[in-house]
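Take a look at these structures.
Look at the two complexes coming up: chain A is in both, with chain B in one and chain C in the other.
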Partner chain A sequence: MAGSNRLLTILAHAILIIGVIVVLFPIWVAFVASTHPGETFLSGELSLWPGNQMIENYSLILGKGMKIASAPPLWVMLLNSLIMAMGIAIGKIFISLLSAFAIVYFNFRFRMTAFWMIFITLMLPVEVRILPTYEVTANLGLLNSYPGLILPLIASATATFLFRQVFMTIPDELTEASRIDGAGPIKFFFDILMPLSRTNIAALFVILFIYGWNQYLWPLLITTEDRYATIVMGIKRMVEVADSIPQWHMVMATAILALIPPLFVVISMQKLFVRGLTETEK
Partner chain B sequence: MRTKRVTFRHPWLPYLLVLPQLIITVVFFIWPASQALYQSVLQQDPFGLKVTFVGMDNFIELFHDPLYLASFKTTVIFASATAFLSLSLALLLAVVADSVVKGKGFYQGVMIWPYAVAPAVAGVLWWFMFNPTVGIMAYVIDQTGYKWNHFLNGTDAMILITISAAWKQISYNFLFFLAGLQAIPKSLIEAAAIDAAGPIKRFWTIIFPLLSPTTFFLLVVNIVFAFFETFAIVHATTAGGPGQDTTILVYKVWRDAFEALDLGGSAAQSVILMIIVIAMTVIQFRYIERKVEY
Partner chain C sequence: MATLKLINAGKTYPNGFEALSNINLDVKDGEFTVLVGPSGCGKSTLLRMVAGLEEVTTGDIMIGDRIVNNLDPASRKIAMVFQNYALYPHMTVYNNMAYGLKNLGTPKEEIRERVNYAAKLLGIEEYLPRRPRQLSGGQRQRVAMGRAIVRKPDIFLFDEPLSNLDAKLRSQMRIEIRKLQRELAVTAMYVTHDQVEAMTMADTIVVLSDGHIEQIGTPKQIYHHPNSTFVAEFIGSPPMNLLKATHTGNGTISLPGDNKITVDRKDLADGELLLGIRPEDIEIAAKKSAKTLGVDIELVEELGAGNILHTKLGTSPIVISPRTGFDTEKQQLEIKLPDAKLHFFASGDGKRL
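So, the complex of A and B:
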């Protein structure tokens, strides 16, 4: 019995290690490719070990960009991605906190109407209303601008529902006590609700940052100028070039740079990430 | 939908609080969606000079268009293959990870990596590995005698985008399966072990049935993902090709609007996609209601 148990444990770890390899292999291969000179890919030689061109490749693509693909320096795209991701995460949290507060703590006319209008956004991802949303954004003069990148993506029913749930668990006694002490709704919001929802806000922030950083279709549609290009959408034209001219080391360096920030967030805030993921799916 | 027992009273503050979200919702969601509905019953000539009301013609035309029907079929194949591949791999890994004592944290820590990677980047990583001339996977496959080429072979291209999408979804599925497994009372599994049921029998008779709510929920989530969030994978890699072989619905709606400039047809496709999302959301919410009752 003990012997077969031991065998099972070894088998279990073997399966898990294969799983780990499957998950990490594409990232490893991309990293390796990004450290070799471009000629490596001409000879069709395959290596699974990093080369010696890492610093050259990364400093070239970060500082000068990829000329053949007429791509701007990558630090510009990284910065745009950061602005977009932060804008979306903060914007979504901000407007959702406010509307959840109104829906939970006030009895006002059109309360249910407001709730349903927010609910409906769940059913309309950008992919299904793509052309008219683009037209609206163009008519507002928001093409090639940060508000254009951010605003259409910050309405979120999930975030509003999450905060609604959080607020519903906060005991009424706290509200009564602060009202007796003469606190108005705004003071209550900042002094009681905000501190009590801090962890939920942080968990949601992690999820929304990744969501914002990884956007592809929307920035692709509304940015035609390089100075607003984000890194995730920018990778496409480099791939197109790489299919004819061997520039794979540059493309893979871009891919690695595009995945490091969200990966860093996930790894360094693993607990909050897992919490945010399981909470937003309720 | 209740409020708190204790509420605040204010003549205008609640309206001001919901206003930002409502403005965004009306401007960027409800208005565009109604425009899509409206345009789906119109026909515009290519120069945008004349617009005529055509009723359901755009929809009828779509369902007689072999390219659209093919795209529908492609999407269904892609979504089911992605969901099946990702769910079964994640389930296997979660069950095994749940059984080990040492290293659980490490395995979970690594399994969540793909979630951070953008779909477009995930697609490009696999696109590179399968590249017929420089890709390591293509090289390995070539050794078996099969000439891999996703530029020419539609099945190869479909396998490629399926693997990319499934890889990306492993994190999510793994986390939810692991949480589901941890919620199963250990006494049940121990009782079965005492009755001398082996690990495989224990899995199929106890664990798998008890996990079925989680599996069903994840199935819906994975299908929604494959239907609506994989535009980037297709656009950044196969561009719908070769031919039409990987033209999934969300890719076609984009191409017909922005490249073929078929506004009515694209709007009709948008409306059909909306109906699919609404159906999926309803299924998801009914499931959650049941979960609350338990």
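So, the complex of A and C:
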């Protein structure tokens, strides 16, 4: 028994390690490429060890950007992405917390109708409703603005649904105890519901931040000015420069930098994130 | 500290189910009232109506001299202890107890004083910085009590607060709750389906059945003078024996197995009735006589301190818990039913005769 168990452990670890290598290797190559001069990558003889151009490449892309690709300095794009991703994540969480609160705890006419209508919009992601949404956004004069980037992506049936399920696992007695303790709806929301959904909020924040960070189509449509360009758009632009060879080392440096904020969010929220996805006890 | 009055109170749930009807109840200041009854009879509903968690659909509820029908729970000056404690899992014990006072805008200094006082009273001072998750069931129970105490309520409401505890802790908490309630002299209403709790804790027992009050009385009254077969069978363990009998006139009662006894009850009408006697009231006779009845022993349950005999009189089962020793070898036994301990009930609606 013990022997086969050990074999199983080794096998499991081997598979996991292979998986990690498969995922990490391209990232490593990207990092290596970003530290060599541009020609090295194109010569096809990229070494697997970092070169000596790291500081030059990164400071160039961060500070000045790529003129020929008409990409603004990278920090601008990073900042834009950050604002958009944060806006979407926080906005979605705020709105869906409130709507789930209303649906679960208040008895109003057409409550279930409201819930099912929200639920049905699950079938209408941004890509499906992109033309009418563009029309509305344009009419509101929100093209080339942060609200234009953020607002249309905020409504979220998924998050509303998730919070509804979370709230429904909170025992009724807790609600009643807080009523006896004199907590009105607002107090109950902030003192009891929010803290009890903390881990779920964190998990959702991670998922939504990455969702927002990775948006491509919507920012591409809605922004024409460079100062609103996001990083994901930027990478794409750099690759498709007209009449010129792509500057792969710069593209790779951009890609590496674009990885950092989501990575940071995941790592810093990892503990809560895992608990939010697995914890059932309230 | 206040009186509690229910006047023709009734509750019909939105789905049309009438959970309670015509409840009239008068609880004196400082009195400990226990609501008992089988599952689903409406005990929790009644308690929750007093708490303000369920609307009253008919009648009135008065606390002190205020009609509280339309007051929200927080302004009724009540405190409630729930069966599963309902402590806020994300707050420390201290904050759990302080939360209600904070919402009332009580000064910090006073909150601390009151919480510390309650914690001391309950012996939970060392747990104040802990979360409910880090406490045992009994400790959580105490915290829930503490949360009720700090609010200095007019009325304590308990909904089966001990049913999640083990037997030993339950009997200990039973005494503690009772002591505490006396010490604080707060009117209390306590829901349980455990008749031992009801008998030991109550000043007044209210027996509920199917949404109406079956009997109100002191534990002694309920035990010795049950108003109906329902109460007779519900209170007491093992439950009261009920035998099908016929009154043939002049106090002569014929019992199963061609047995006859004569009782001093000339007022009984002729015809069928139910004769009740508690297992511990049955006497075992040394030898057969005209006044004794012969029963066959079917099973002896050994309890250590005593026995429970399952016997048959003719075809009717009779349970006896004898106060005196008896010969365990015997298959048959002569018993005596003392006149004073007999109860008579109508065979139709089970009302006391």
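What we mean here is this: the second predicted complex is superposed on the first by the 240 of 282 C-alpha atoms of A that agree within 3 Å, B and C clash if a C-alpha of one lies under 4 Å from a C-alpha of the other, contacts with A are read in each partner's own complex, and residues count from 1 in each chain.
By definition in this document, a contact is a pair of C-beta atoms (placed from the backbone, for glycine too) under 8 Å apart; a residue touches a chain by one contact, two chains touch by 3 or more.
A quick note: this is a predicted structure, and the numbers were derived from the prediction, not measured.
Participant: If you stack the two complexes on chain A, which partner ends up touching A:Tyr216: first (chain B), second (chain C), both, or neither?
Facilitator: So A:Tyr216 only meets chain B here.
Participant: Determine, under the contact definition given at the top, whether A:Arg179 touches first (chain B), second (chain C), both, or neither.
Facilitator: both
Participant: Is A:Thr35 touching the first partner chain B, the second partner chain C, both, or neither of them?
Facilitator: After superposing on A, A:Thr35 lies clear of both chain B and chain C.
Participant: If you stack the two complexes on chain A, which partner ends up touching A:Thr158: first (chain B), second (chain C), both, or neither?
Facilitator: Neither chain B nor chain C is touched by A:Thr158.
Participant: Pick one for A:Asp191: touches chain B only (first), chain C only (second), both, or neither.
Facilitator: second
Participant: Looking at chain A, does chain C or chain B touch more of its residues?
Facilitator: Result: the larger residue contact count on chain A belongs to B.
Participant: Touching chain B and also chain C: which chain A residues?
Facilitator: 176, 179, 282
Participant: Looking at the complex, which residues from chain C come into contact with chain A?
Facilitator: 51-53, 72-74, 78-80, 82-84, 86-90, 99-100, 103-104, 147
Participant: Show me the residue ranges of chain B that touch chain A in the complex, using the header's touch definition.
Facilitator: 1, 3-10, 13-15, 17-18, 20-22, 24-33, 35-36, 39, 89, 92-93, 96-97, 99-101, 103, 107, 109-122, 124-129, 131, 133-134, 136, 139, 167, 170, 172, 175-176, 179, 199, 221, 228-229, 231-232, 235-237, 250, 253-254, 257-258, 263, 266-267, 270, 273-274, 277-278, 281, 288
Participant: In their shared complex, at which residues does chain A touch chain B?
Facilitator: 8-9, 12-13, 15-16, 19-20, 22-27, 29-30, 33, 41, 44, 46, 48, 94-96, 98-99, 101-108, 111-112, 114-115, 117-118, 120-125, 127-133, 135-137, 140, 151-152, 154-155, 160, 167-168, 172, 175-176, 179, 184-186, 188, 210, 213-214, 216-217, 220-221, 232-233, 235-236, 239, 246, 248, 251-252, 255, 258-259, 262-263, 265-267, 270, 273-274, 277-278, 281-282
Participant: Which of the residues in chain A end up touching chain C in this complex?
Facilitator: Those residues of chain A that touch chain C are 171, 173-174, 176-183, 187, 191-192, 195-196, 198, 282.
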